[in-house]
Structures are given as structure tokens and as C-alpha cells.
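Same chain, two partners: subunit A is paired with subunit B first, then with subunit C.
Moving on, here comes the complex of A and B:
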């Protein structure tokens, strides 16, 4: 048991064993209380709901690790979705072939990257605070989107998109596969590449990073651009899931992505954070939410439980930190 | 290791403290997803759902998301499918966004009943307590009477994405354009009427910009309240008329002071009862055809192609009726 704990902790971060334990606990408690919780249908539902929130959380993760923030993720995602919807409608809406979809997706990712790059440039070269810059971008994109669509939605897409939003391959939901790929890419990027290392260093101490000879301005720009690209992926997925795009889709998810990052042990001041614990935190949040829904609990209550959960995790972390200090060498 | 243990213990306390006891599962189950939870309109609907659920022996619960975001409704419906309910009811925020998940629900053999979503395709039936045309025109006629058939008026809707509000607005504008050519619409329609603050601010701005404005027609539960407050602040009671559907308990004082001239509504508690009645009919396999009488809807003339059951069950809200309606908890 102790060996397993240290192995898990060493491989994926110190947060992982605790979070996995908590996940197991939540599963057991709901399994006992809700008669239809431990069913394939319920886990299918969880697997379909997790990815859009998950990909948005990945988009939030890298800016937070660099000591910043990206409030514009939802609207960047929806702007990218609108771009794709526009291209698809141009080629006949429901009759559009696969080629317009590929073209539209490339364009959508371009829009996401551009919106991220603009934020990154302003943050890096003008030195404005990321919260302010991304807030401004969020308001701009929201206004622009509402203006372009008159607040309405664009719908009517080719049927093959339903596979992306609701299909399964060998019993695994397609959105979940997409999320898995994104998470692996992000994990590799953060742990195995020069850029990921630079992002963490910037989060720890940007001045020291500059003195170490890293082009921090270019790295910051790249961080937000990548975040924008991930938003665009989320936007494309939301388009397929809802069969429609509107600027406001998923507004309520913004702060949940921040919650998932912090639950996953990402340092709010930047510098530390890994993908695997964040993914587990997402699963815990989704399981809590679906479980409470199955019990027929009030929706506001599940929000409250999420908040309480975050507070509990913070207290436990503080306690664990004290414990470790008293007994050096043990975790 | 100890840390894992502490985490486990803390978690036990947290979850055990907050989770609720699961209900008995032998009755047919029905989950109704509404636009947003915790506002008077849907609280009243929940009362109706509970009441009828008990009367008919259906385990019916209402799910009100924490914000009026279609993405949250999609999630709630996914969970209902997983829970294996027999009937799903929905009051959509955005019809198009719900089609894929409702298709999934029906593929899983779940009956789907909608309310305020006449454009939905993946439903068994959508029922309305007011026809879009009748509702818009009844309000328009009252506005014309209050304004004396002439002058400038402004139009609020809940949001530009709520098809039903816009259909009412279309009907009202068309009716006034035809019968009262001396009445003039200011600007386009404003999508503010789901928020008291936005409606109040917009009404103040519009009155400042258009001194000849003498009427507001607000479709959206918070619109008349906000506009009514603006009239009251500006001491324009009697000079400017505010009409629209709203929650009587919330607008009681404004109606009595004359800041809101009146409006029509249907009873959300009745809508809640009809949800359960319709769900039970679908489960029992009762066929709904032209001339079928459904409790709460009366004799219906369903549109089988569009899967719509549209009726006109309007009640007037004015200084005389508002107390009675408010006492019902509306």
C-alpha cells in the first residue's frame, strides 16, 4: 500500500493518491445511496459530460501554471464554434461534406489561436495583468459574438457531426477519446518539452526565468495561443454535442474549470501543476454532480457541495503539509 | 499514507452529511428540467408537479439548473437518461441545443414532454397554455386600449434566443400595425426581460431618449417588474403604461400603484400539473387525438405533425386579481 502510494505520487504528482482515494469514496457512497448509480448508463452519461468541461479546463490550466489566468475561454470556444458553423452553413448546412468541416475546423482553431495570441502579446509586451487582459477579451468576444449572431443560435449541421458529439468507438464515447488525446498532449507538453518547463518557471519566478536566458515574452505569447487552440477544440466539440452554437453556451462552466484546476493541486500563484491530478479532479466533480442529480438533489446544492469540496481539500492539504514538515522524509 | 486516510475520513463526513436519501423506486419516475431553478415562476411549477405527482402516483421531480444555460440543461437530461426515468419533461432555454440529447432520450425509450418549446422535434408532445398569436394579440389589444390607440411604445423580450417570446412579440407588433396604425414601435426589440435590473435600466434609457414614449410591452417574467420600477422612479404612473406577463406576487405592489397596468399569464403551477398528467397519459398509452379532454388543458386540438398541443388558458393579472394569484404562491 505504501509502495503503491509512493509510486503513484512519484509518477503523477503528490495529489494523485489522495484524489483517487476520494474518488473511490465518492463512488462507494453514491453506489450505496443511489440504486442506479453503479450502472453502465450512468458511467456512459458521466463519460459524455466530462469532455467539454475537461477540454475547457485544459485551456485554463496552462495560463494558471504560468501564473496567469484566462477568463475568455468560454467565449473563445464559442467564437471558434461560430466560425466553424459559418463555414458549414456556407457549404449548405446539413448537406455540407467532410472537406468543409476540416476547412472550418482549421479556421476555427486559427480563430482560437489568434484570440489567444492577442491576449498573450498584450500580457507579455505591455505587461498588463492577465485577469484584466482576458476579461477585456471575454467582453469583446461576447459582444462581437452577440452582434454577429444577434444573440441567436446557428444550428443545422451535417449528420456525421453527431458521431463526434454522441458516437462511440468500441464502447468508448468519441468525445472522451478526444479529451484523452488532448490531455495526453498537454501532459507531454508540460512535462517533456522545453516550452512546458519554461511555462512552469515563468509561473515560479518570471524575472529569474528571464535572467536564465529564456525568451519569456515569446513563451507567454505561446502559452495563451495554445490555450486559445484548446478552447477552439472545445468549441468544435460543443458544436457537435449541442448541434448548435450560440455565444452563451457553457457560460456556467467558466468558474468550474478554475475549481477543477485548484482541486487538482495547481498552485493558484503559478509554477506548479500537473495534468493527471486535474483530470482526476474533473472526474470527481462530474461524479459528484451526476450522483447528486441521480438522488434528485437540488442543483444549487450540488454547486454548494463543489464549493465545500474545494474548502475541504484545502484544509486537508494544509494539514498534510504540517504533517510532512514534522516528519521529514515521509509523505 | 496518513494523508490518504484523513482525506477519506473528511470525505465520508462531507458526502454523508450532504447526500439525501434515495426515494423508493417502484412508482413511475419523471424528471422535469426547467430553465432555471429558484425563481418564483418555476417554484410555482414545482408545487404543481409535486401535487399532481402525489395525486397520480408518479415520482415526479423538478430540476432547475443554477443558470439559464442550455449546456446545463443538456447535462441534467443526460443524468436523467442515466437514471432511467420513464418520462422527461423540459422547458427549453434553447430548442436547437436540446435536440441531440432529447433524441438520445427517446432512443432510450423515454417519453419526452415539452412546454414552451413548440419548435422541438424530438418530443412526444409539446403543450402550451397559450397560443403565441392569442397571447401576443391579447396583450397588444390591452396596450392599445391603455394608450388610447396612439403613441410610441417599446418592446422587451426575455432574450433574443427565446423563440416563444419573439413569437409573441411578432404577433403583437403585427396586430398593432394592422389595427392601430397610429401606434409606433421604438427601436427593435430589447432582450432584457429576464432581468429586473436590465429592464429597469433599458426602460430609463428609452424614456430619456424618447420623450413621447407612453407604452412598454414586456414579454419575459422580469420585464414588467423592471420597467414598472423605472416608471415609478420617474413618477410617470398613468402617463406611461407597462404591460406584460409577470409573477403576481413579485409585481403585486407595482400593479396596485398603477406602475404596471396589467397583463395576462398562464398558471405555472397548472403547467407543472399538466406535465405530470401528460407524462402519465403517455405511460398509460392513452392516445391523444382531436377532441380528447385533458385535465388542465381542456378539450384539445393537437397538431400531430408538429407534435404540439396549443390551448388558450389565459388569466388576466390586474389590481383586482393580483392578490388572489399572489396568494397561490405565484
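Moving on, here comes the complex of A and C:
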């Protein structure tokens, strides 16, 4: 047991064993209380709901690790979705072929990257606070998006997009596969690349990182650019899932992504955070909400439970920290 | 000669048989400690010797193990609480001073008198009067309305002392009070302490810088590994004797200088200037040489170091590296050219304290630990870290531990490891022993000497003249942004050098 614990903790982060325990507990409790909880249908629906929130959380994760924040993730995703929608409509809406979709997606990712790059440049070179910069970007994108769509929806997309939003490959939902790929890419980025390494160091102490000879300005710009790219991926997925694009779609998810990061043990002050525990935290959140849903609880109640859950986790971490300090050898 | 305070007549505090155990380790083991009324006393010892634990017991933060006898101002007490210690008149001024940068001098000094259980209006006139009275007792003039953040450290310290006086302190502990002061500021502080002493307020210095300790204290209490080594009068005490007492080892104070003038020049600096920082600086640094650069704080030493490391760009002048002119647009270019810089501010700039020892070590050489795939290779990181930890004999638990868990000396070795991994040709050491214990300093300089023997060109910036004298092959004296003298440690005595620098 202890061997498993240390192995998991070392490979994926100290938070992993505890979060897996939490997940098991939640599964058992709901399994007993809600008769149709442990069913393929229920897990299927969880698997389709998780990816949007998951990809948006990945977009939030790296700015937080670098000691910053990205408030503009939702509207960047919306704006990327709009870009794709415009391109599809230009090529005939429901009749548009695959090529316009590819072209539109590339353009959408470009829009996401541009939004992130602008924020990154301002944060890195002007030294403005990330919360202010991303707040400004968020308001700008919202206004621009509402101006372009006149506050309405854009819909009428080619039917093959249903494969991306609702299809499965060998029983695995396509959105989940997309999320899986994104998570693996992010995990590798953070643990195995120089920029990911530098992002963590910047999060702890940007001046010392600069003194060590790291091009911190470039790395910061890249971090926000990548965050924007991830937003764009989420925006494309949302378009496929809802078969429509509307500015403000997914607005409620913004703070949930922050919640998921902190549940996953990301340091709110930057410097520490890993992908795997954040993914598990996302699963816990989604399982909690679907379980409560099956019990007939109101959607609002499940949001309340999420809040309680975060407080409980903080109390438990505090307790675990005190327990560790009491152990002999430290003084 | 500056007069030392008289030996005490009455005891201010007396502690006997004080022990404290943390997790089975004796942080303090049957220590006796007493300070006379109005005495200036020094509490000396290396980091981890139990100084802070003792202060925390005296101020009631920690409770000692059973068997301790405690007396505050003649009153035997079974237990001390923080409130009790404050009421009795014991104050501690920690190194960070714990003042409010955004508040005025008067507010900082007297705000505590405005605190109470019930809400009431702040009486600014009374607060100013109290602040002024406290400053008067110190014979110091300060603008009561100046914002604290605008004052130099030395004056902030005076504010901290005045604050202690407002709450009627009769015994003030000062933790490393001179660590960031220039010589003249230190002298001014010592004058304030003498005034305090004459008015019956005892002061206990907790200090690393030994020369000042000897100058002003009546007695020295030395702790080592949680045990009392002894209490000594400062009359007749020498610096080397005190170092021996603190470390339990003897150090040979031999000048290490050798003749390096025949070695090839690695770094040639010609007429380097930067407005407001330094002017017309020229010198050459040779392979295998340790070139000392000393001078008071504010002489432009660190600013020069920053320019040589590419952090700032000089307005005029030329740098030659191995005979070729170089122009550094950033410190990344400096690193690429083989220049490494160990910052004087290890906490904020030298290391990323919360991150691991391993990550700090590889931070400057991420390219070297990148595999053929373009991804960081875990085995290369591990090997590199293991190599340097062994090479520099860094004492660590696990490479994954946060670097902040290490002692000052071991942290400095990690900084050295980080830069040596870049295989530099020029190593700039800016005050490399700040916050490093006396015992560990010798170890740092053994490494420096070994590196020079391997041909590395080393610029040793230090505000401690003794340190430069003992470890450098040649010494440059910097004052007012200019190089004003060059000395050979073999032909110049420490006293002569100190006289020149502190003149």
C-alpha cells in the first residue's frame, strides 16, 4: 500500500493518491445511494460532459503555474468558435465540406493563439498584472463577439461535425479522446520541455529565473499563447457539441476551471502544479455533479457541493501538512 | 577607541538550565543565559546553534522543558507568555524589522499605543508626541511624516528601536542588525545602542559580523550545537578566538594570494562607465586568478557586477573576453559567452527557494539535459545533479527537497553548482558568504581556490575586507563608482587595507 502510494506520488504528483481515494469514496457512496449510478449510460454521459471543462481547465492551468491567470479563456474559446463558424457559413453552412472545416479550425486556433500572444506580450514586456490584462482581453473579446453576432447564435453546421461532438471510436467518446490527447500533450509540455520547466520556475520567482539566464519574457509570451491555443481547441469542441456558437457560451465554467486547478493541488501562488491530479480532480467534480443529478438534486445544489468539496480538501490538506510536520526528524 | 559598556551591576534577565527538544533533537541543552541591566551583550553562534530558540523561549513564544529557572527583572517566573514578556519590557527586532512601508515614521513608532479593545478614534497628535519622545530618547532626528518605505534601511532600524522604546522596552534583542548597513551607518547604529545602554536599556546583539560585536559588547555568550560554550568578557577577545569558539575548529588565517600576473588575461575591462553607477573602470582578470573587489556598500561593486553579467548595459567602455571584444545585450549572452554571476541576494535572485535542489541546479543548463528528442531527459538531469552535489560536497537530504531546506552554506554550494554546470570562463562572486556561517565560509573558499587552480578566472566582490584579503590574489578598491587602488595582500596588512577602505 505504502509502496503504491509513493510510486503514484512520485510519478504523477503528491496529490494523486489522495484524490484517487476521494474518487473511490464518491463512487462508492453514490453507487449505494443512486441505483442507476454505476451504469454504462451514466459513465457515458460523464465522458461526454467532461472534455469541454477539461480542456478549458488545461488552458487555465499553465498561466496559474507561471504565477499568473487567464480570465479570458471562455471568450477566447467563443471567439475561436465564431471564427470557425464564419468560415463554415462562408462555404455553405450545412453543405460545407471537410476542407473548410480544417481551414476554419486552423484559423480558429490562430485566433486563440493571437489572443493569448497579445496577453502574454503585455504581461511579459510591460509587466502588467495578468489578472488585469486578461480581464481587459475578456471584456474586449466579449464586446467584439457580441458586436459580430449581434448577441445571437450562429448555427447550421455540416452534419459530419456530430462525429466530433457526439461520436465514439471503439466505445470511447471522441471528445474524451481529444481531451486525453490534450492532457498528454500538456503533461509532456510541463514535465519534459524547457519551457514547461521554466514556467514552473517563473511561477516561483521570475527574477531569479531571469538571473539564471532563462528568457523569461519569451517563455511567458509562449505560455499565454499556448493557453489561447487550448482555448481554441475547447471552442471548436463546443461548436461541435452544441451545433451552435454563442458568445458567453460556457461562461459559468470560468471559475470551475480555477476550482479544478486548486483541487488538483496547483499552487495558487504559482510554481507548482501537475496535469494528472488536475484531471482526477475534474473527474471527481463531474462524478459528484452527475451523482447528485441522479439523486434528483437541483443543478444549483451540485455547484454548492463543489464549493464545500474544495473547502473540505483544503482542510484535509492542512491536516495532512500538520501531521507530516509532527513526524520526528524536523525541528 | 570606542568605550564598551560597563559590566552589569543588576541582572535584567537570568535564565538557567534552559533546554528545548524538537522531535527528539536538543535545540537547546541546559543553557544558562543572563544579561545585566543596561548591558550591551552579544549572543554569538552559527546558524542552527540555538540562538533563535533561546530568544523565543525568553519572549515566551516557546516553553522550555521542565527544570528551567527563569527570572525577568528580578522576578522568578514559572512560565512566560508573549504578553508577559512584552509587559516586562522585552522586545525583539528581527532582521526584517516587521515595519509598515506604507505608513509614516510616527505611525510605525506609536501605532501600538492606539490599539485597544474598544473602537475609538486615532489621536494623531498623541501618536506624534509619543514618537517624537522615543526618538528624543535615542538622540535621533527623523521626519515624523516621512513614509517609512522612502527611508534607508539604517533609519528604518532606528524606527524599529524607537517602537520598542514606546512600549517601554528594558531589554531589546537585535537580530543581525548590521547585516545590510555600511560602515558609517553601522557606527551611527552603535551610537544609538550606546545611548540606550546609558539610559538603562539592555541590548542583546545576535550577529554574524564579529568585528562589531567585539567593539560594542561587554560580554559575549557563545552557543554551539544547542550547548553553552561559555560567557566571555570582550576585553582581550580576538576575532579568530571567537570564530574558534563558535565553530569548535581552528582556522588558519593565512593569505592565500599567489602570483598570477604571468597567466593569460581572460576578461579585459576598459574604461567601463554607466551613469550614476560606476565610471571609468579598467582592470584585467586572468585565468586562475581570484581578483578581489572591495569597497563600501554603494561604491558601485554590485552595479559593476551586473554590467559584466549583461544585466545592465554600460554607457561607455569596452569588454574583451579572451582577446575578442564582446557586447552583452542580456545576461543570456553573458552566460553563452562563459560568464557566470553568483548574486549577493541568494534569497531573491540566487536561487528559487521553494523549488527543488535538482531543479535549481539544472536551471541554467536546461539545454545540456535535453535529449535528442528535444525533451528533457530525466537521467541526464539526475546524473548532472548527482555529479555536482558530489563534486561540491553539498549536504542534502533528497535532490527533490526544496532548496530552502538547506543551510546558507549548502545553498551557496547549490548556486555554485548551478553556475559551474555552465562551464564558465569567468565567475563573478558577489558577496558569496552573506548569510553563510563562519565554519561554512572556509569550505566555500576552498572550492573557490580549487576552481582558480583549474584555471577559472574569478572576480570576488566583497564588502568584508578581511575576506578579500585572505582569499584574493590581488585586490581592487572601489569607491564612488571608481577603482581607486590596487593592493597585493602579501604586501599589505589587513589593517592597512581596512584603513584605506573605511577611510
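Note that the second predicted complex is superposed on the first by the 327 of 331 C-alpha atoms of A that agree within 3 Å, B and C clash if a C-alpha of one lies under 4 Å from a C-alpha of the other, contacts with A are read in each partner's own complex, and residues count from 1 in each chain.
The rule is simple: contacts are C-beta pairs under 8 Å (C-beta built on N, C-alpha and C of every residue); 3 or more make two chains touch, one makes a residue touch a chain.
Predicted model, so just to flag it, every value in this text is computed and none were measured.
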Query raised in the report: In the superposed model on subunit A, is it clash or fit for subunit B and subunit C?
Result: fit
Report task. Based on the superposed arrangement, let me know which partner A:36 touches: subunit B (first), subunit C (second), both, or neither? Result -> first
Query raised in the report: Of subunit B and subunit C, which one touches more of subunit A's residues?
Result: B
Report task. Return first, second, both or neither, reflecting whether A:209 touches subunit B, subunit C, both chains, or no partner chain. Result -> second
Query raised in the report: If you stack the two complexes on chain A, which partner ends up touching A:121: first (subunit B), second (subunit C), both, or neither?
Result: neither
Requested in this report: Applying the touch criterion given at the start, work out whether A:309 contacts subunit B, subunit C, both or neither, answering first, second, both or neither.
Outcome: first
Report task. Using the touch definition from the top, say if A:241 reaches subunit B (first), subunit C (second), both or neither. Result -> first
Query raised in the report: How many degrees apart are subunit B and subunit C as seen from subunit A, counting from C-alpha centres and rounding to the nearest 10?
Result: 130
Report task. Tell me which partner A:135 touches in the superposition: subunit B (first), subunit C (second), both or neither. Result -> neither
Query raised in the report: Is A:188 contacted by the first partner subunit B, the second partner subunit C, both or neither?
Result: second
Report task. Kindly classify A:200 by the partners it touches after superposition: subunit B alone (first), subunit C alone (second), both, or neither? Result -> second
Query raised in the report: Smallest separation in Å between any Cα of subunit B and any Cα of subunit C in the superposed model?
Result: 19
**Report entry** Residues of subunit A contacting subunit B in one complex and subunit C in the other
**Finding:** 331
Report summary line: Residue positions on subunit B within touch of subunit A in the complex are 1-4, 6-8, 10-12, 14-16, 18-23, 25, 31, 37-38, 61, 63-67, 69-72, 74-76, 78-84, 94, 96-100, 104, 108, 159-161, 191
Query raised in the report: What residues of subunit A sit close enough to touch subunit C in their complex?
Result: 188, 191-194, 197-198, 200-201, 204-205, 207-215, 271-272, 327-331
Report task. Over in the complex, which subunit A residues touch subunit B? Could you list them? Result -> 1-2, 5, 17-18, 21-22, 25-26, 29-30, 33-36, 39, 41-42, 44-46, 48-49, 52, 150-153, 155-156, 162, 165-166, 238, 241-244, 246, 248-253, 289-301, 303-305, 308-309, 312, 315-316, 319-320, 323, 331
Query raised in the report: Which of the residues in subunit C come into contact with subunit A in the complex?
Result: 22-25, 27, 311, 330-332, 334-335, 341, 343, 348-355, 359, 363-364, 366-367, 370, 374-376, 418, 422
